[in-house]
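Got some structures for you, see below.
Heads up, the next two complexes both have chain A, just with different partners, chain B and then chain C.
So, the complex of A and B:
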């Protein structure tokens, strides 16, 4: 069921949400260029990588500028057979949090499509918290590898909505363990202790993503979300401050 | 020859599709180890084990059973390398540069002669009574697979009358059983040598690995919780 949903969700999300938003925000990143040549990292699946093809078709990027990610060796082989560049075979969240040195040379990116739904997620407790922590680690690495020419970037975060509550208190503590000089930390009292409904989760995740961006010196240029059945997808564009 | 191989491939997939699906599912256990070893750098060697398994499946489906066994032996050797190098980073850096220091010590492999190193690892498990069981399992499997590499008479690719590779039910089933035993041993050796990594894996990952390990191999790993 989840696989069939995967085939359906990706095409719809790409056409109705990801592509229009990336096109809109690409004008901020590369206002003068017709061919945007955006460097893209996308967590994807071997049986449906339509977002990569649509981004290329719409001159947002080229095959040389897209880096795919999958956790599975068989899927990686299939994607490599299509002549894509595929980064190490592992879970993205584990790699970016615990061994980012393995992929840091590829950063920074202009579009980060962190589609955890495409990585065959399980419904374990703590899953969403780990994904959000991985977004923090990603933004941190973006900042570390910041170049003069990078005006900002777009993060697309997509995940499975399940019945588990998200422990916001615990998550805030984890995010605050990533120290940045001058940043007081996320004020846990400004957030509910845990959230369970779709609306609550979207609200908290958007606020946390905005907090994470500000922490590393980026201002939010735009944030949108959609919630098709069992999926949360958020697109956030940030601009470099100063 | 290309058409002939394609015919064998299609014939094998029709006849043995469910066996292949099960083997592919079992090989996904390597994703768990690749993920666990990213920080260590040995993840690339896990990918090498995957390709050995992939090649073995491909050869078998094409009716090239002798070469399927050769690829399986390579998978087992690479596993023993991962298990050894995880605790020997200096030797791993030598090996990465192409050094074969062990040959000057008259040892055939980085981990030494035979499988004593892995038996010593097993002997450290609480409750181990010193029986050389993991050593026996590795030795038996390696010896069986080596018969294909050394072209013993019973393992020739051209055994029988035909020169061109042909799909053979009995030979496929033999390979399939051997593949499942080797995948079980691969995961058993990695659990033994990388207990700390195994202990930190998520429940879905430890469940997948545990499902691949045969009961007879699980007994060798007691009291590690599966």
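So, the complex of A and C:
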């Protein structure tokens, strides 16, 4: 994908979807504060972090509270020259599923902008399944590092829509392999075995994200999605139960 | 001499070979330490390299709390390939003759000439990583230098010293170039300096600044960045045609050159001295320039600051104390001629041209000091004339807008209680290029000034003098004048006696008693005040007497 197009998709998503939704859900997380000071993790490329700047402009966060994730060493250096805090350079999916000690020390976050589209995705089979698994690992880490002050968090999941089918049954089995006491597991039979169209994928991903949140003791406070050309972006806000 | 004769003279050779010239590692240490004794100046050298590499944007990120502490500098210049890195970066002392030629693309004059700028960062970090991609090439080269090796004190052959490099395929578009320097393991004393916090913030000297602020000030002072957006006048005057600007960000904040707030241009011009030509601007914020290190004129060669601003030792060499020298700042740009810059870029070699330049600016300083002194005297007369009346603030604003007042009131120490004559004020205003009309206004209580800048006219509305200039009481003659200051109901605040001079507070209610003429009121007030001074214990009695009198009248 050309860089120019990448910048365009992000600025459009930010203006029309991410910013208004994050503003809305920030009121749930920090109702009384004018400057919200939300701690943000965002997957990004080296020159494509416009959403963080807009969040700063709208007093949702400050530069010190933003952690960028990039998969490339040289991209990391470029971001560091602009005084961003950059987390280890590797594919997010690989790192989070292995729960590296270095990353876990930075958790929890209030906004998780898991923009896999910014990480130059390939179109190989099993990509979306791996991404959903990494979202599960992220929520697990959020739960493990849960603090008293953290009332909930917002997950923004963005991915490339391609022609590959998502094997939901296999994915449900993989998600169920992480055992949580009192959790019966995702009922694979309640989902279609495999999905391919945009509408089906959005529907399944939203249900899976809600199930993952419930698994770790969160209830869904709101969920929205947009599907511009070739992109699926879902914003889900969850809050702590009880 | 023939070859045979030469052999006979020197004798027959026994053996032949080559001797390796070894350079001790501490030569690098001496070079870097002695040239760049300050971290900000070391960074200046790295930014200058980016400037020469046609970069238009440089980003610097300081990570002083991370482990290891590091500084990352990225520019979007043309970058280097492996061969250029070998020839330019890792060939120490690869000097190039200074040239006046302007780069055809960036329209800039080359700064680097000694080939040692890269060494500048060596003393301040444990490891220096250079990542560079040349424009129109696809490879990115990653080189890492263990800078500590140069400071271990062990002698070794520099020619044998090697640094590992790795080449990758770059993710940047082919047309784009970049260089990223990472200074890892910043020395603890530099981190301590940069993180230094001051309880009391001071602006007087950079040594009293907090560490980061001092670093930022130094960078803004020396590197060839842009003037602040509100100083287009300076940018237009100094920027030669088509020069590509260099924008610099430090920790995400864009930096501009240091220009004191509200500095007015006192003089600007072009002047040649022997083989060199200069362009200069002398400015003043009309108060002492802060921090004090910014006082004097900043010499710039090829846009880079050479040392701190200088006053050319004018006080020592002229043998006079120039009181307003602290008010002066500005820049001198050497625009033509190859002026010899010392290797550390902190001073110029003392040539005939430099001596002529120094002498010229010493004379300018003397003349400008006299000009500022003269302005201060004139301003004092005007401030004294308009006094502290209710109209004075508006008058001051109008006068300042018309450039008839130069210095702020607190800088001229106007004597509030002294009246300046209309003649003196008229002379000052006429000297400043305005015509003056004097108008006696019976309805006015205070004299005031009205400014008409478009007509270049000042109208003095003179209030009639209600009080005699002298007053006699009990055989003693007092000089009198008017003033106005905060008063209480007490008669004590109605006048002030200074030896044989009495200043009446015209705002005091006693002067509003209409059944007595002003001469009588004046004598009454003076009489009571003298009695109060003489018999302080009878204050209650005298105050009572005054109150009764006031009620009666």
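Here is the rule we go by: the second predicted complex is superposed on the first by the 237 of 242 C-alpha atoms of A that agree within 3 Å, B and C clash if a C-alpha of one lies under 4 Å from a C-alpha of the other, contacts with A are read in each partner's own complex, and residues count from 1 in each chain.
FYI, contacts are C-beta pairs under 8 Å (C-beta built on N, C-alpha and C of every residue); 3 or more make two chains touch, one makes a residue touch a chain.
None of the values given here were measured: they were computed from a predicted structure.
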item	value
Three-chain arrangement built on chain A, chain B and chain C clash or fit	clash
Which of chain B and chain C A:27 touches, first, second, both or neither	neither
Which superposed partner A:63 touches (first chain B, second chain C, both, neither)	second
Which of chain B and chain C A:72 touches, first, second, both or neither	both
Partner chain(s) touched by A:16 [first = chain B, second = chain C, both, neither]	neither
Touching partner for A:196 - first (chain B), second (chain C), both, neither	neither
Which of chain B and chain C A:81 touches, first, second, both or neither	second
Clashing chain C stretch [against chain B; choices 2-10, 128-136 or 146-154]	128-136
Residues on chain A lying within both footprints (that of chain B and that of chain C)	72, 74, 77
Residue ranges of chain C in contact with chain A within the complex	59-63, 70, 72-74, 131, 140, 168, 170-171, 173, 178, 180, 182, 249, 251-252
Residues on chain B engaged by chain A in the complex (per definition of touch)	24, 27-28, 30-31, 34-35, 38-39, 43, 47, 50, 54, 202-204
Parts of chain A lying in touch with chain C, wherever the complex brings them together	3, 46, 63, 72, 74-75, 77-78, 80-84
Residues of chain A that touch chain B when the two form their complex	71-74, 77, 88-91, 94-95, 98-99, 102, 122, 124
